[in-house]
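Every chain is named by a letter (A, B, C and D) in the order it is written, and numbering of its residues begins at 1.
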């Protein structure tokens, strides 16, 4: 089962800067062979369910190992069985509608 | 690794009533031996990471099999390594603070 | 427009205990006249859109004033125009299905 | 109070294609003068709290008016009082860390 995920990991460790944790997770996701896109409030991920979930678990283990005693993560997770769909297609479909409307 | 999860599964199948899908998922989670609490916008789950994640995957498979071509799920997922914590303790800690404040 | 919300506020201030912040928010929500139900990963809220949103903003201001320099909040937010629905009805509909199935 | 938001609106109306709804919301957000970035599982938004929240309410009204009887939205919402921060800076901080690590 293929899945498109949006992952947002919040390490709770007393520092307001989260960038080092997020960078470490980006590396884990990429090393797992997953397609990812970082945005300003999380990371889009595309891949096979088990691969994605194993990588997210590895991220939690890594962030704890980096010193965060507590983590709160939010995951959005989309599956569909009617047709395959990629992350890029989702964005393109919306942009195509916006583009075809004639500006006044 | 123990995890406390909040799971909210949105089947997209053209029906506004989601109760039958949610009931089916409750059964899957319970049959997996997990502690769960249904609330008005999701279900709290407590258990071992892999058991919880396998049950959530089984829920997606079930909801698709029940006729929903597309699903969008939101998961919140908390882990901590400083001390064990249960769902009940999280609620009790907040209520204890509210209770000890003297009403005027 | 009536709304059913699930609110989860994560103060990022270097403490792993979040209970005092959450208790303060419970009080703000209750003082705003909203129906609320605390659970293990957030709070269900029912009320009029503007009242709910004003109360959530007041929670952010309060949590910052209590010392958290940074906050990351997750909100789920349901509206429907086909029929009115309460938080209690959402839970009851699921439980009714689970109850009517005959145990073997 | 400035806020960085991630908005994901799920119209529940029996169609699996959500692009027309999302395109309509993009237009509302842009017309409100907000900085936005569409990604594969939502839209990043940056702006003043009240302006952002009024635009999100206008999106709900629009999506209902377009025929969706029920909507379930997920919002992530970040505020900080220690220093100003833009969406672009959040992404740049992570990329800067990834770039400075020497590839083997």
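Everything that follows uses one rule, which is that a contact is a pair of C-beta atoms (placed from the backbone, for glycine too) under 8 Å apart; a residue touches a chain by one contact, two chains touch by 3 or more.
Because the structure is predicted, anything quoted here is derived from the model rather than measured.
The set of chains touching subunit B and also touching subunit C is given as A, D. Between A-C and A-D, more contacting C-beta pairs join the chains of A-D.
Centre-to-centre spacing of subunit C and subunit D amounts to 20 Å, using the average Cα coordinate of each chain. Per-chain Cα centroids separate subunit A from subunit C by 25 Å.
Separation between the centroids of subunit A and subunit D, computed from CA atoms only, is 15 Å.
Residues of subunit A in contact with two or more other chains: 16, 69-70, 72, 74, 76, 78, 80, 82. If you check the complex, the residues on subunit C that touch subunit A are 8, 10, 12-16, 69-70, 72, 74.
Across the complex, subunit C meets subunit D through its residues 1, 49-50, 53, 57, 60-61, 64, 69-82. Of all residues in subunit A, only 4-6, 8, 16-17, 19-20, 22-23, 26-27, 37-42, 44, 46, 74, 76, 78, 80, 82, 87-88, 90-91, 93-98 touch subunit D in the complex they form.
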